[in-house]
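I've put the structures underneath this note.
Below, subunit A partners subunit B and then partners subunit C, in two separate complexes.
The block that comes next holds the complex of A and B.
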């Protein structure tokens, strides 16, 4: 992670220098604000537990010097997380826009190569199993390796887990450990509340390192849960590197087809709200058990 | 279409009993899923079709009282013609507009019609809500969505003028005046039959001599209607930009002036006129030139409409044409009074539908205080709420009056971590238990998408007492009343917010 913090530091310095220049000229003060906010937004570590001043919920200011209709511009900005109203210099975007974009791209790449911290796993009381992924390069090139738990992992599951549970919860890093870091503390307890309200019993949850969506099937073969929910990091994008999905399946097994999985995606603080997503998962799992099916056959 | 999946339509009824006319519509609202299959479900009303429109009839009166039997009978007939039964009706509103609401027998009768008309038809006589519904029915609200200006829709019927100011598809202000066609009724020869008592202080202030039984001339009536139009327009613009700072007499006509001080209305750039007067207002060729032409309906309506049009021209007010005039309110009531809640909600069994749940609003969480400081205000809030709802302390005094249902609106909270969310739920549960143990049903209306999670957490904390309903993505404010209907297809919950405060 050394490289990325150096990069962040460099970007920070460049931005500061730019801001200073702009400040000196005393023009377009909102540009500074935009650059600073988006930078902070991207670079901020997962801040405290309480609502913070800078969050993705907030609408970013635009760079347009004299919008024909300022309030209409605000409405447009509020309607999308996309980078609109960024203005230009000549035929190109402003330097601040370019840097913010490249920073987001770097954050996306970092998210793929990041790891879920052992502290978090301990806090959530999750033990770890690994797939056959080997190393990061292999993991990215060979998706099939991430679909099977290795032999030690299988033995560990057999030893530690409740067999044939009603609901099995599994957490996996997938393509973004950031996603797990940012969302699991919010989604997991909300899902547990929902299971309690629906009177569903839950097996022993654990974490899969180097996991792909298909690892659900292998776990299904070993633990035989009635329903399984996999909370997994999504491929990061330029809006968020913290987006998580929940894949849910009724009796997953070798050869489960993709259309038998139900998914809630885009779970992050600027997308599907994590706490409400956890609660809704409870309802989905309950309906799966009731209808004994999942995926496109499930009637919600 | 998936097997076992029915079409999701709900039938809605609007009935509008006005000072001069009564009308009814039956409409069908289609509810559809708006979100992708990978997101949390979100439903919305996507289509509104008129299934039946009744003729516009003259409101039956017996000596200035509404003839309830005649209206009841008429509504039953219309249900037969429309081929619906009260059991089919899932939403809608019965509205007593204008002066009819002030008639002594209106309230119980209104409830009766609402109950006879279907499980979820709402009775209302609040002029703020009528103004909102008329603005929706006339197309003013839709017009404002396409524009960057404020448009005011004023629905003028026989007894009142309900004005709603629309901006970017939302109603931002309402005000109602005693201005209507039937406030003065007269015969073709000029003999005055009736002058509404609400108009008398205004007549006195303007030194107009007009009494029932006496005669008046065309010119007298012209002067009165012109002055009345100027008062109305002056009131609507809050006297801004008018010579001499506007008309002080306008305030005498404003409904609710005893209760609240005049809040300056927003500055509008366009005026739309609906209601019975609206029909005459846009018919440019129809300017009555004699008492005979004025009194086609036995009142001053046609002359008021043309006087209003002339006043607009003189003051340079730009007008817009409504899509509906005389039927605006009934269309709004029948087609636009219902919203649907966010679909991830929490509702305990067998408590819906709920009617007339009074809403109190938690103080907003703003930058002046921290989250902890905000939650620390809950104690005082619930203490206050308990008094409002008739708490244990005054249970003897209020007796039967005490409300079994309590509605709390939660403000927008931005992003919440689970820990912060959990503290909120614990605080709500603890304060509720301390101050409001007598409340049977607790309705929580959240602005942001968190109803299901909050419902689950509170259910675990409160263990089944009170019964809980948590809905979200509905905007309510302090003093509103909400009606919550049965879920349509187990998913979308129709909600009607009866706004009483602006």
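The block that comes next holds the complex of A and C.
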């Protein structure tokens, strides 16, 4: 299986399976990768499902009075969610641009202080464990508290989970519950699908409240998976408060260093589309098992 | 060294230099997280009093992390000029502060003295300085560096164009880059943080930036801020890189968490000198930031200001073109609010300049910190007054890939106007040729990225 053509073939199979799945599920525009490539389209797919403070006026068309090449400007705008073509008064931004930035900041701050809904966890069939995080203030100031599952949680994991699984999936809120709310329904089935195509078996998934990336190590010590993938809400940005990361590690344990972890970041509709991300994770996990390593030592 | 201090009717007993150095820091959530901060303001002042009287030789003679145990300590030790050190070894830290702020102490004196100081001594004096002290002392030091072109002159404020994209889309990166250039930003470097840390992807971004530079004859330099090993693979495959980037920590164990060590940096240094595309001699871009060692659990109970200084001690070995403290990126557990970020930005800039490094600052915050864009406006202005070499330019300050806010193209242009500062000379001439700048001010054409299409 070291042959790269074999691997390419497998990736193709996964993608085919997923594409079919997307077709089957039809209609939802954000499910399709290309639907999220422009800022405008991103905003359209967002409209109606965003909190009201995420104002639509962020996606103003360009403000340049007489661009050298008007069509070119449209092309640039469509290529990036970055706030370009905004123009200026003197060296300062226009008022609408400035207010849009402040609006987005307000939404991002609110995302930090939100929670993943119990309904979603039930729907995804994830039971919940908690870390020692306590409250939001402590969670922000003391990341060490978010790296250890509390005693009750450890007991729950021991009781409910398959021990020494090949692949352990863990979901955590991290710094944005919004990220989990927005992506998990797409990422999770696509990841399960990819594991199936690669013939990998999966343990018992669960949700960590008040979790930090380092909780992987503690979970690794309890359940001893071959590989662990942690789906966790990133610190919210202004363009999106929905960005999720997948941290993956071969045999995580106390003392695992950051460079031993492989990460896929920016998983959201305007970044790496959730379905693609799930498939890519399957490939990464497969390679980790094959090479028995992860992080910077993993050859992709 | 006095370990017992009587202050405000109380007696404070310190165990060692490490404790004094930590407790003498201005309040930082990172030192509190590490459990080494002063318990209250009076104890902080007692520690400052002890540190003020400490001699530079006390600091040299009591290493916080012995060279036998740590390669960063060895690198810092090996750079000390013993003749110069001997001249100042009996100075107290208080005397060092007053010397740096004395009007007769200018650029040549500081350059010479710097070679006799360790990073720990520089950190110590920073702890005794007010924000304005840090600014005035730093403003005396002009650090010029040359990659393809020279930056760092007095009167120059450069900008890094940081046109990141959430999927490394080549056109998307170009779009934000064109916008940056149209505001006169990009003279420090065109530097992209990639999402995808693979050789192929990094090589493509390097190629694209170089093509844009060549097409428009832009007098600047390129860099793709992937892991050093990825950049090395790309360069070996022929990708055009003017410099190599790497994040640094202040301890060997911290660097291990970044996947680097001295030998690897030496190899990369050889490679960029042999196969890089720039003239040099300055061919590195380093990023640092208070708190990374604690974050990697590699801090040895040493405070984050001292560890940050040690990053600069390591950086100094490689004569970088740019050093950048990403001051508010790491989060509220290290710098809790606007006040702590401002302080850290001024400390880092001063400590870097004292190491004779070309300091830029990524004036930034994350959305889980108690800070906002107004605080960044303030810090950018303070740093410009202190003579910062460059700031980071992001479209409307909002990095759509790294999910944090920095300074915008507008902000750098505004700070230049406020202080009468210019882009780097070669770059300003190019902006004039492009019709984007006249007499140091943006023309009516500026702000239109389609000029570059």
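Note that the second predicted complex is superposed on the first by the 236 of 300 C-alpha atoms of A that agree within 3 Å, B and C clash if a C-alpha of one lies under 4 Å from a C-alpha of the other, contacts with A are read in each partner's own complex, and residues count from 1 in each chain.
What we mean here is this: a contact is a pair of C-beta atoms (placed from the backbone, for glycine too) under 8 Å apart; a residue touches a chain by one contact, two chains touch by 3 or more.
Given the structure is predicted, the values throughout are model-derived calculations rather than measurements.
**Student:** Scan A:178 for contacts with subunit B and subunit C and give back first, second, both or neither.
**Tutor:** So A:178 meets neither subunit B nor subunit C here.
**Student:** Applying the document's definition of touch, where does A:103 land relative to subunit B and subunit C: first, second, both, or neither?
**Tutor:** Neither partner.
**Student:** Would you mind checking which one, subunit B or subunit C, touches more residues on subunit A?
**Tutor:** Between subunit B and subunit C, C touches the greater number of residues in subunit A.
**Student:** Is A:197 contacted by the first partner subunit B, the second partner subunit C, both or neither?
**Tutor:** first
**Student:** Quick check for you: in the superposed arrangement, does A:269 touch first (subunit B), second (subunit C), both or neither?
**Tutor:** So A:269 only meets subunit B here.
**Student:** Where does A:300 make contact in the superposed view: on subunit B (first), on subunit C (second), on both, or on neither?
**Tutor:** both
**Student:** One more residue to check, A:283. First (subunit B), second (subunit C), both or neither?
**Tutor:** Touch partner of A:283: subunit B, not subunit C.
**Student:** Scan A:189 for contacts with subunit B and subunit C and give back first, second, both or neither.
**Tutor:** first
**Student:** Considering only touches as defined above, state whether A:243 meets subunit B (first), subunit C (second), both or neither.
**Tutor:** second
**Student:** Just checking: does A:69 make contact with subunit B only, subunit C only, both, or neither of them? Give me first, second, both or neither.
**Tutor:** A:69 sits against subunit B and subunit C alike.
**Student:** Starting from the residues of subunit A touching subunit B, keep only those that also touch subunit C in the other complex, and list them.
**Tutor:** 69, 72, 75, 265-266, 272, 300
**Student:** Which residues of subunit A touch subunit B in their complex?
**Tutor:** Those residues of subunit A that touch subunit B are 48-52, 55-58, 69, 71-72, 75, 185-186, 189-190, 193-194, 196-197, 263-266, 269, 272-280, 282-283, 299-300.
**Student:** Report the residues of subunit A in contact with subunit C in the complex, numbered from low to high.
**Tutor:** That would be residues 37, 64, 67-70, 72-73, 75-77, 79-88, 90-93, 97, 101-102, 104-105, 108-109, 111-112, 140-144, 175, 234-241, 243, 257-259, 265-266, 270-272, 295-296, 300 of subunit A.
**Student:** Once bound in the complex, which stretches of subunit B touch subunit A?
**Tutor:** The touching residues are 2, 4-5, 38-41, 148, 168, 344, 346, 365, 370-371, 413-422, 448-453, 455-457, 459-460, 491.
**Student:** Help me check something: in the complex, which residues belonging to subunit C touch subunit A?
**Tutor:** Contacts found on subunit C: 29, 32-33, 163-167, 169, 171-176, 178-179, 195, 198, 227, 229, 256-259, 295-296, 331-333, 336, 366-368, 372-373, 394-405, 408, 410, 413-414, 417, 442, 446-451, 453.
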